[in-house]
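Written out below as structure tokens is the structure these notes cover.
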Amino acid sequence: MCGIFGISGHKEAGWLSYLGLYALQHRGEESAGIVVRDGNKINIHKGMGLVCDVFNENSIKNLKGDTAVGHVRYSTTGSSCVENAQPFCAYHKKINITVAHNGNLTNIAALRQQMEDKGSIFQTSMDSEIIAHLIAAGCRRNIEENIIATMKSVEGAYSLVLMIDDMLVGARDPYGFRPLCLGKFEGAYVLASETSALDLVRAEYVRDIEPGEIVFIRKDKIDSVKPFCENRKAHCIFEYIYFSRPDSNIFGNNVYLCRKRLGENLVSECKLDCDIVMPVPDSGSYAAIGFSEKSKIPFEMGMIRNHYIGRTFIQPFQSVRDFKVRIKLNPIRDALRGKRLAIIEDSIVRGTTTRARVKTLKETGAKELHMCVTCPPIRFPCFYGIDFPTKKELIASEHTVEWIRDFLGLDSLTYLSLEGMLNAMPLPSQDFCAACFTGQYPEKPPKKLSKEILEP
Amino acid sequence: MCGIFGISGHKEAGWLSYLGLYALQHRGEESAGIVVRDGNKINIHKGMGLVCDVFNENSIKNLKGDTAVGHVRYSTTGSSCVENAQPFCAYHKKINITVAHNGNLTNIAALRQQMEDKGSIFQTSMDSEIIAHLIAAGCRRNIEENIIATMKSVEGAYSLVLMIDDMLVGARDPYGFRPLCLGKFEGAYVLASETSALDLVRAEYVRDIEPGEIVFIRKDKIDSVKPFCENRKAHCIFEYIYFSRPDSNIFGNNVYLCRKRLGENLVSECKLDCDIVMPVPDSGSYAAIGFSEKSKIPFEMGMIRNHYIGRTFIQPFQSVRDFKVRIKLNPIRDALRGKRLAIIEDSIVRGTTTRARVKTLKETGAKELHMCVTCPPIRFPCFYGIDFPTKKELIASEHTVEWIRDFLGLDSLTYLSLEGMLNAMPLPSQDFCAACFTGQYPEKPPKKLSKEILEP
Amino acid sequence: MCGIFGISGHKEAGWLSYLGLYALQHRGEESAGIVVRDGNKINIHKGMGLVCDVFNENSIKNLKGDTAVGHVRYSTTGSSCVENAQPFCAYHKKINITVAHNGNLTNIAALRQQMEDKGSIFQTSMDSEIIAHLIAAGCRRNIEENIIATMKSVEGAYSLVLMIDDMLVGARDPYGFRPLCLGKFEGAYVLASETSALDLVRAEYVRDIEPGEIVFIRKDKIDSVKPFCENRKAHCIFEYIYFSRPDSNIFGNNVYLCRKRLGENLVSECKLDCDIVMPVPDSGSYAAIGFSEKSKIPFEMGMIRNHYIGRTFIQPFQSVRDFKVRIKLNPIRDALRGKRLAIIEDSIVRGTTTRARVKTLKETGAKELHMCVTCPPIRFPCFYGIDFPTKKELIASEHTVEWIRDFLGLDSLTYLSLEGMLNAMPLPSQDFCAACFTGQYPEKPPKKLSKEILEP
Amino acid sequence: MCGIFGISGHKEAGWLSYLGLYALQHRGEESAGIVVRDGNKINIHKGMGLVCDVFNENSIKNLKGDTAVGHVRYSTTGSSCVENAQPFCAYHKKINITVAHNGNLTNIAALRQQMEDKGSIFQTSMDSEIIAHLIAAGCRRNIEENIIATMKSVEGAYSLVLMIDDMLVGARDPYGFRPLCLGKFEGAYVLASETSALDLVRAEYVRDIEPGEIVFIRKDKIDSVKPFCENRKAHCIFEYIYFSRPDSNIFGNNVYLCRKRLGENLVSECKLDCDIVMPVPDSGSYAAIGFSEKSKIPFEMGMIRNHYIGRTFIQPFQSVRDFKVRIKLNPIRDALRGKRLAIIEDSIVRGTTTRARVKTLKETGAKELHMCVTCPPIRFPCFYGIDFPTKKELIASEHTVEWIRDFLGLDSLTYLSLEGMLNAMPLPSQDFCAACFTGQYPEKPPKKLSKEILEP
């Protein structure tokens, strides 16, 4: 997964991009980068790790210029190395092309082969490098037409922020898989994956970039084109379930309120008789609040999150097991002892971390442990950018709910139904991609890709 | 403030101390250090910054040995430099004396003068160096008697973990200002400021070290002495209000449950007609849950905390104001707009951060902002280790509640009464030091010290 | 300027490349990089700074594989940033192309335009990226033919080490501007800019790669092609004068002995009556020894070089002037006071450093200062890889010898004559490029390039 | 061994100390530190490693103040850790005592016991901490008298720079084992181990601090006392042979010229018939020049020193042997092949490095290898600060010259005679300590110390 950010026509573009990436950090912890244009000079700073590790006062100072693109990355494919850090930046006939990409292209192999046949070389395995090649290779009358042609040639999921010389470009694929919003700050246009990034730089939310829309921004002038035919939408439902920040609005609606409704909908499906509702922090917290409010079962912060989790935690030698789970969340024994717990979890992927958490909760002396999950079982991989593991590693793909309950060590386990989940969404059901639950992908995935991911 | 940790007779003493300090990080972010004894060799690693910055895999590997003492520090006095990082470590006649101290001694000036008159020199301004001198200077028959004599000669607040050759020592002043607990892990005794440190190393809680008690631990043998006459207790009430972790038990009781009761007690004192109860995260969260449960006003996570707050946030150049407040907490506009909010805050010290928060909340379009504080106004400085600012900087010392309400931009401001606070505590009122609220110090502070702090 | 290294078919290829770059460090201090092939995996480590700063134990360990290419760089053109660090590494149809280049191509602008017209994009401004593009773009039957075609299409100076999948390639331009030698170590072929790199890895010197020759190495098999017509040679004479290490053999002959002869030839041209011959260390030392031996004037180390010169010397605030010159070389007053000095300098480029040195020597109380330079005045820029400044900044381009003598503060200044210099060389005069002295470039430089460099 | 530096009354005292330590780096590479007094504030920066690694622009900026003391350390005793980095800095009755020490005290055990009996504690095993204790413990009328009393109570070798509040103090033991000189720069007095440190800060040499002298400096006022009876001198002869910089004057005379004379004196003792005289660089270079001049045998730089030797050279995995020797010095084959070499070495301690060098030289095809050493065999350990190994590890202590010649693989080996060495010195023989050659120590070493060192 990735987070993208762009700003045009602001003299502190570099520093504002740094702030924007800070707000989008949860979308990618592996690498971070910012590219700023200062007159004809391009300033780049990229590195492995968190935003606060990659940038320091000096590197921010060097990011002078008034148009900028930023990126945080969690690799779905490709190896984890600084060469693969985005934004991708290249030159074609003295025109600088900078690409920040969120999503996953599905016809990349074919596109790459075409270009290699014409003699192109590639330094990375990133989608963003392909996009830069396509923009350069186009022989349309102008750069805007080249960009449109590029968007038409790629398939799959993409939200893009581009900087082509002094023009900032925002684009979303016709399905609208990934979010992208437009804001304004002191006269400068801002593009960001989520509105919480606008909040942090104090930009006012203007609107979402629409599915299939491309906006061309030059200083304070913005032009929009919609080169695609009307299409069904396929917003990633997992952005609401888990991925986006609760304080963000995505696809035009608030995430926190949506998660509360998921918790409310769980109440009637679970029919639990419990003493306490508690979340697995932090992502389960908002559904737990909704669950408590609806069910009248008291809400408790049964586990406390340690705010000092370092990036490089040192491995134990032998004595202490499960310490990584326990250093992050510590249960409050005195509040849980002897109680029947309704534990609200946002989702279960592999099940290994959940299992360790349940074990820790049991040791407190809690009487019964019931888990309620705010979505159905995840049974299918994602081709559009969520870095789920392969089918084999998805616990619900291989096992029944009863098997999983037993594996996790729970007294009961309830997944929210597909209807319960869709009903909690702020948009019509048909506007979402819920393929990870249903296996019904919005477009037929290319054979090779699906083979790789579906049959590991 | 500081956090202390010790372990005796475990072959991974250094690594377990690292884990212990990780759990105590909130008690001191300025420096961290661990001293381990490996046969006759003493291994030391200290540094400025957070535990995760000070230690890396290599430094942990070098902390070989089976008895260890660890310390995290937030300087109350003395300059912020690596020379002042604890544990303090010295030698006297080939005996190693290692001292980790939490609290604040009040007769240090007199003690130091006595020792300097005899020719002693000092490298730091830390209480822990004085304690090492006193232990060495004693001419009692054995080291245990020297330690007892040292405890009798110092005044003020101290919880101590010492390592004297292969003996681990834990001690608390007769008032019991600061917490210190005893645990056991795989046969090894563990000492820690809070039980959450025991939880992380998987140590079983045995009991608290009592006020005025000294325990001498050699491998798996523990001896206890109580050399002081029976005394009144004076547990720091602020440990329950704010300082300790909610998942810790201190002074024998759970912090989370205490904070919930503080919230419950606020309900009747506030008499608010509101739509939503929300905390200032994270420290206000537990009282807010109690407040909601008692008042039946729905609980909302009105602000979301960013978990990626770096230690070295880069300063803005000019455009963005209040970014440090906003990067930490972002309000959820859609959940707050048009609502009357009861905001639960643990305490107000200077008032500046609270003011910025209130401003941010107002911008969401909330209709009314009422703040409820889980303790009375803080009017007096602390001589026993809490690093409150001087009297002049305490907002409630200089101003009326009405003035503060207006300064913060609130519709109403309610502080919990002294009775309401004491009534929520798990121990009798007379066992606490609440001097920061009442000005009634358990022992008369030395003139010089009180002059410095009270009249800046 | 740059240094290049390659090794094929040795299981410690990465570590040996590190050693090789260590020996070639003087050829480029700005950045360093190594690319190793481990089966189908390519391991890359590049960074800004000296070899000892860029690599550490961990990065060397990660450079697993049995074929490797290394590069040290001192940028002649292009900005100084990690993106420009070599070796350049890209992929074309799953074939990895790695390029390490020493020299300067003169028809790069035209080549780049051709490729951009076909849609290629460029990430850097380096010659090595162009070469990778050319190799990929070729549509010959096999990779060897592509490489030959690439060599034929580029003009200017190049010594190259390439790694194309598991094949190591060495190549020199038909003029043979820059050195490149072949060695063998434990059955593995080694390519290096200078023989001192062979010495350090204990490789046996086999022979020089000839001007216009390309060698293809697969494991222990080596094939040579010479696709160019017989050509005049144009070895860079400045490699002997200053650039190469004295313990290296380049162009088949030893540098140290050549420099001694330069000093010997100076004797008859200078006709000095002096008490002492002393070098400006270290590069003038060898000529000074030759001068002393021939003239019978005693040789003294009049200035001592500080071996601890750090890379990041901290700037003075105000008091101390010329400290950068003095920290590097300190004169021995007692050995120079009252003496008439013949100071041997290898060359004078801008003259500023020399001036500071002369001033320092004068302060010792030396009676007369005569400087003898081991080459003629440098009057013309270099198009073939030596990073001389532009014409305006070359002191001898703008001023007479008498003006320079006065500017430097000398009693006399003698440059070795062109004949004196050529006569000291181990190869015929017509085999050298001495254009920086004569302005007679071996091939006509492209108008654009010469305009930029000649008329700044 | 150590280097010390001090400056009083200059507003850039911290930065000048940094320069001074840079010039004294050869006297200690293990740790470095500077303490500066800024009004009543003491600024300290110390660390492990070279001066250029320990200090950066930021740390220099923080070293504000006008009186400073600096130290570089190569530990003779005590473990290598940052706690042992000097200057040592402590407080006694608000008086700051800062100590920088070069040398080795011989009665430290007794002194420490006395102080521990009175209750003192020690944080390090350094002589400088003892000295600080002694100064503080003194109960004389004033600080000057305390310092005098301290000097009288310690035995062994010491050159000291102290800062006691705003007073700078320089002192040497009555034997004058270690050098210490006085300079002046822009009105400020400067103290330094060697004159090359004065040169670098542009200070004018005033005079040496005399053996047994103490100077008290307050701003620009200097007072001298000589509290000791007239004593024999015992200047360390090894400072001239090897330790000091050639561009320094120590004990009032130039080191370079002395080393040249050592080389001259070798000629008559060796009676060699050789083709070439060459040094083992750099320390043997000056004697080799003297040898060549006297013997008329041509001088050659037969081996070239690599100036990029990093501090942290990465260990080879297996293939390459002796690389540490070869990376430092590379022989010039073409200059040595078939030649009879007279190799000038300053001294031989363990013999292992020399052996590797000789092996490398043999591989060049040199015909004969004759080694001439500029001092007699080192047979006895040093109690006064030179970190020779124990007796057992000194090759000449255990073996005959013939055995050593064979071990080193030489055709002949000649050590300069005691008379030849003393005769080259600029001062009378009786003014030197040559105990490492003769075993005749100036004062009887304490039994315990000699036992430890002499019989390992």
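Observations on the model:
Letters are used for the chains, namely A, B, C and D, taken in the order the chains are written, and counting of residues starts over at 1 for each.
One rule holds for everything that comes next: a contact is a pair of C-beta atoms (placed from the backbone, for glycine too) under 8 Å apart; a residue touches a chain by one contact, two chains touch by 3 or more.
Being a predicted model, the structure only gives us computed values, none of them experimental.
Among the remaining chains, the Cα-based centre furthest from that of subunit C is the centre of B. One inter-chain figure worth recording: subunit A and subunit C are separated by 49 Å, centre to centre, where each centre is the mean of the chain's CA atoms. Rounded to a whole number, the gap between the C-alpha centres of subunit A and subunit D is 61 angstrom.
Averaged C-alpha coordinates give centres for subunit C and subunit D that are 37 Å from one another.
Those residues of subunit A in touch with two or more other chains do not exist in this structure.
Interchain contacts close the chains into one ring where each touches exactly two others, per the touch definition above. Every pair of chains meeting the touch criterion is listed here: A-B, A-C, B-D, C-D.
Subunit A makes touch with subunit B in their complex at residues 10, 12, 15-16, 18-19, 22-23, 25-26, 50-53, 55-57, 60, 185-186, 196, 199-202, 245-247, 249, 253-254, 256-257, 282, 285-286, 289, 292-293, 298-301, 303-321, 323, 326-327, 330-335.
Residues 44, 81, 83, 89-93, 97, 113, 115-116, 118-123, 132-133, 136-139 of subunit B are the ones that touch subunit D when the two sit in their complex.
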